[in-house]
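Below: one structure in structure tokens.
Per-chain residue numbering starts at 1, and chain names A, B, C, D, E and F are given in the order in which the chains are listed.
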Amino acid sequence: MSDIQAQAQPDAQRPSILVVSAHAADFVWRAGGAIALYAERGYNVKIVCLSFGERGESAKMWRQPGMTIERVKAARHEEAQQAADILGATLECFDLGDYPMRVTDAALLRLADLYRALRPELVLSHSREDIYNFDHPLATHVAQEARVIAQAHGYKPEVPVIGAPPVFLFEPHQPEQCNWKPDVLLDISSVWEKKQRAFATMAAQEHLWEYYTRVALQRGAQAARNSDRKVQYAEGYARVFPQVAQSLS
Amino acid sequence: MSDIQAQAQPDAQRPSILVVSAHAADFVWRAGGAIALYAERGYNVKIVCLSFGERGESAKMWRQPGMTIERVKAARHEEAQQAADILGATLECFDLGDYPMRVTDAALLRLADLYRALRPELVLSHSREDIYNFDHPLATHVAQEARVIAQAHGYKPEVPVIGAPPVFLFEPHQPEQCNWKPDVLLDISSVWEKKQRAFATMAAQEHLWEYYTRVALQRGAQAARNSDRKVQYAEGYARVFPQVAQSLS
Amino acid sequence: MSDIQAQAQPDAQRPSILVVSAHAADFVWRAGGAIALYAERGYNVKIVCLSFGERGESAKMWRQPGMTIERVKAARHEEAQQAADILGATLECFDLGDYPMRVTDAALLRLADLYRALRPELVLSHSREDIYNFDHPLATHVAQEARVIAQAHGYKPEVPVIGAPPVFLFEPHQPEQCNWKPDVLLDISSVWEKKQRAFATMAAQEHLWEYYTRVALQRGAQAARNSDRKVQYAEGYARVFPQVAQSLS
Amino acid sequence: MSDIQAQAQPDAQRPSILVVSAHAADFVWRAGGAIALYAERGYNVKIVCLSFGERGESAKMWRQPGMTIERVKAARHEEAQQAADILGATLECFDLGDYPMRVTDAALLRLADLYRALRPELVLSHSREDIYNFDHPLATHVAQEARVIAQAHGYKPEVPVIGAPPVFLFEPHQPEQCNWKPDVLLDISSVWEKKQRAFATMAAQEHLWEYYTRVALQRGAQAARNSDRKVQYAEGYARVFPQVAQSLS
Amino acid sequence: MSDIQAQAQPDAQRPSILVVSAHAADFVWRAGGAIALYAERGYNVKIVCLSFGERGESAKMWRQPGMTIERVKAARHEEAQQAADILGATLECFDLGDYPMRVTDAALLRLADLYRALRPELVLSHSREDIYNFDHPLATHVAQEARVIAQAHGYKPEVPVIGAPPVFLFEPHQPEQCNWKPDVLLDISSVWEKKQRAFATMAAQEHLWEYYTRVALQRGAQAARNSDRKVQYAEGYARVFPQVAQSLS
Amino acid sequence: MSDIQAQAQPDAQRPSILVVSAHAADFVWRAGGAIALYAERGYNVKIVCLSFGERGESAKMWRQPGMTIERVKAARHEEAQQAADILGATLECFDLGDYPMRVTDAALLRLADLYRALRPELVLSHSREDIYNFDHPLATHVAQEARVIAQAHGYKPEVPVIGAPPVFLFEPHQPEQCNWKPDVLLDISSVWEKKQRAFATMAAQEHLWEYYTRVALQRGAQAARNSDRKVQYAEGYARVFPQVAQSLS
């Protein structure tokens, strides 16, 4: 089935992936390439933003006089939606607050239910440690805990359990300080232009455009060196689980 | 091209993999499944045994009166050749001695030259640490150092350099004590019967047959649990380099 | 005093050990040997099951039509009681729920009080990490936090504080993925038959019988290799605290 | 400006450092030298004690008949105040309880507000792990989480955010068991006498005086060996963030 | 004394630093900023290149027909000398060969003697691990072993021993894969232009110019984020020894 | 059999332990307690000093005018012999040189032969890492490699192989910097006076007497805290292999 045909199908019949992002923009910088790649292949890519990053990642807006939390949230939501549209993904916002993010069991189970509804083939989320941002490890913990709940036969026994989708952890801002290490370098050269356009919707964080362009170029150069193939742009991912494979590659 | 056609081709035109084994039997217990799998797919699988394990891994033979080192080496060579035949691989023995193994620069460069001749798509060797056996980390070090030399344009500049074949480290006898962790669980169910037959050639190490059968069953059960697929037998491998990929799986 | 005499004594006068298990069956697979061994030696072995594993570890029961959470809990309780009886231990169930388990401060203090009442010579619980099951690390955290509270002179000052019983962490299902490493290999050959009979009470988890039999055989083989003694079955434990000793062994 | 002049200034105009201590005495044993050093240099050193250590670290008092939690807290508060006075610091007690300590979001934000008010140049707190005391890792987590909240433009947007003060983790009682490693050895020889006097206010923990005197001497000897300078007493600190520097030293 | 005055002094009276580089160009990419910074401050910066990187890091030259090892070495030497001149350092080449590098005890002691002659205030070398290049870890091992020998009173007892200069490990090409983590981010903005000019002498490795420019920008952005100061270009260094300090910063 | 009877027996009939020390004094500071303890219990404790520490650990002697390497070695030998006598052990010096130590295969096999002759119940040596002293990790490597050779049936097949004696690594001077962690705290209170007397033979290293007295007191205090027993002096040891046990303690 061609990509265009795949995209024309109703979501329920398309394979899917799930991206769990702590703040509204995280998924763009860190996983925009994987999202665009899978969307182009006909996947239903669902992005969950646990918060809008309204307090901690909207410095520019807060410098405007008379700014309110509701206006920031609305603007961040709007930006995230535009970025998701460009990348070809759907967006769901949990609005749990940030700095500090707090995840109730209700939110956790809402995410578990989403796993059951989507049955994703793979899951993307944050690194397990981040000394610069405590919402990030919480988001990845929640993403993984909800996955395990969705595997439990006794949780909502009337809904079929999910299997064991692999989880990939995207690159934090300062990888060595977060004890994050790339296990996979994903070639995103073919969708780089989309990722770059998605950057541009994040008006409040212009200084990060160049930073993450350089990240993509460095990971691309490393991918080339680790494979002897031509790769210009790449995204790094750490694996949570061992890969189960028919081949070594 | 079918597997049978592939196997009928001269070695030089077939894709290849390289296995660097410290002692004559290591490749059987630890990588026999991968070897058989790739051999069946038409690959030229070259096994290098740096030593015969004549001193350290032939206890049973040494209990026979009047045993000599030459007889042990010959018997171990014979067994290893039979195992390689069963698995579909070719065998090359460097006869460097064991307990302790010592690798000269000449042997290192012989291995580098083999890399150049074979141009393997992937490389298998031992774990980086092994508190039970110092020949194992040395073998993997040599396998990796020779690979880097074979990449150097100034080493025998008249022979084309190799690319960057990934290196996979097979499971040591006591994995946790060697700080080895499986990054890949390779499904070897389809070739299990061959691996088991190769075990049987190792007459001197019967006690290991059951041990490594259980290893394969445990890794199989884990592979099933990490993938929700049916896997009965598996081999675990640790990656040295990040995987360069077009997909996350 | 003989083992039989010891067992005839009232619990309060016998030495004791405490096992903190997240779900009803965990203690059987992972610590059944140690439990039987200490019970045979006259110890009062108290097993605390924080939950019944009713949601997450009872897949088989949930496949029966019309199953309810109460019926699953009752059946799991029954099984766990039978297993405890076979092993010679007493069972106390906290019924805190699973997937996700949530531990209130009341439950934590109940466990601290149990430490004070039992004054265990040693404590067994789960590994500190488990990417497959978030109830496990929580259980071990609670076991350790309660231990520290029971050491505090100002917590219920009228009840004598406990000393510093060592804590041993039993083997998780996929040890390398949980960064668990055996510091002690405990010879359980003499009680293996009891552990195996305890397995049989876990009707819902037949597939694990063979898995954990192989674990015991592998750890037995490793124990033999690390000691030059004959050991057929063993259980691995990681230490939390350094061993204080009069000898090195 | 001389030290004496600096100390005469109102707090708001002096540079400051923040020390987050789980229990009333922790700051004395572990950071008393750094506190005295910075106080002598004219810094406003603010010590936050999250609890008094009333339950877990006041064994001696609890041995007195008829002791009450309020009397223990008052005595510990008094001691901590005296120690702070000797060291030249100000003390603020959050009275959150200990064994187990529980930190509400209100307490977390109170600490974030203190960061905003103080704008500390550096922050001292506990190690990230402590298998002997779960209040310690909680205290350092709270110290770091509050720091990140105080950096967020949208948290109380009317109050200026703080920059990125480095965080240093002081030495736990059993450093190797807590995976703590000294990145910095701070020469405290010039203020040792003050630290020792502060020890003496901790009447309930006499056995620790000698212990921490030896710690200071060992770290001093190590400082000398790592620098070829004469250092008699030192305190060790682990860094959380990379040092940003104009020189390597 | 002004920088210009300092540079006018004979080497023996100037403070010095020692840089131990495996191949001719390594010091430029990895430590060019620190070298230029210290040279501008009047330090005698001595660079030791253990080899010219003639086999492994001169791919471009080897593509020219009729190339010989001597011509490559001469060209690499020439480039390295030019780069050292631009950065303000002196260069000493040990010509030990590369891929594989082999360090004799004579070479080790030559380096120890250089430590004695220079008495460097600090030492820069490679990361302890590098899965892409085994000459790098060897170079840093030799740099550290020679330093310890130079500290030994019984080695050439007639020459005064050195103290304990700190050792800083510069950033490898793929830092996470080498388990390297920046402990210090050194602001090199003021000398960036010199480092960039030194890049340009490395005609054979043009593809690395951009790569290491991006490295410097990323480390600069991280330095800014970790300090709230304006830093445009930085170099990362890992510490080998704990810092001995009068202040925490 | 009483200790006195045991000591009266010929060495060959007594159980033994083997201590492999890089330099002449290392065994005193680091393992003197264990040595004295086992000697008192009737063990034949054999200490191998690979070198005399003549260059690197004899600073005081080298300050005397006209000192020669032979005189230093003789004096160090004399001291080590006296210390061994006090502790009740026998001493064997390999005289391999220090700073840098170099171990030939002949020396390695000499040690393997000693393993065969002694058949030690346990082995003590240095930590695996030591950034301050490269002879230490080499000594422990050699101790472990020789042990594995002595286990090999084909090495001198006419001499019976040894079993699998556990190896314990004694505490380095700066434990955290060497990634060493005590797995066992051995109570040496009963032999402390002997260890202290052995210190006194090390006239050239007076500054270490106090240092290692404090180490013993700190480890003693920690032993008490980890066991609730009264321990005044202790030595810490890291295990290389998992403990094989009949009990958990």
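The definition used in the following text is that a contact is a pair of C-beta atoms (placed from the backbone, for glycine too) under 8 Å apart; a residue touches a chain by one contact, two chains touch by 3 or more.
Here's who's who by UniProt: A, B, C, D, E, F = 4-oxalmesaconate hydratase.
Every value quoted in this text rests on a predicted model; they were computed, and no experiment measured them.
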Practice task
Could you work out how many touching-chain steps separate chain D from chain F at minimum?
Solution key: 1
Exercise for the section: Touching both chain A and chain B: give me those chains, sorted by label. Expected result: C, E
Practice task
Average the CA atoms of each chain to get its centre, and name the chain whose centre is farthest from that of chain E.
Solution key: C
Completion exercise
Rounded to a multiple of 5 degrees, the Cα superposition angle from chain E to chain F is 120
Exercise for the section: Among all other chains, pick the one whose mean CA position is farthest from the mean CA position of chain D. Expected result: B
Exercise for the section: State, to the nearest whole Å, the distance from the C-alpha centre of chain B to the C-alpha centre of chain E. Expected result: 38
Fill in the blank from the handout: Touching at least 2 other chains, the residues of chain D are 132, 177, 182, 222, 225, 241-242
Practice task
Go ahead and list every pair of chains that touch.
Solution key: A-B, A-C, A-D, A-E, B-C, B-E, B-F, C-D, C-F, D-E, D-F, E-F
Problem - Partner chain B, residues of chain F touching it in the complex - result: 105, 108, 144-145, 148-149, 151-155, 157, 161, 240-242
Practice task
Flag every residue of chain D that touches chain F in the complex, lowest number first.
Solution key: 132, 173-177, 180-182, 210-211, 214-215, 217-218, 221-222, 225
Handout entry: Touch list for chain C against partner chain F, complex
Key = 34, 37, 122, 124, 163-164, 166, 168, 182-187, 222-223, 225-229, 231, 234, 236-237, 239, 241-249
Exercise for the section: Quick one: which bits of chain B touch chain F in the complex? Just the residue numbers, please. Expected result: 54-56, 58-59, 62-63, 67, 69, 72, 98-100, 102, 131-134, 177
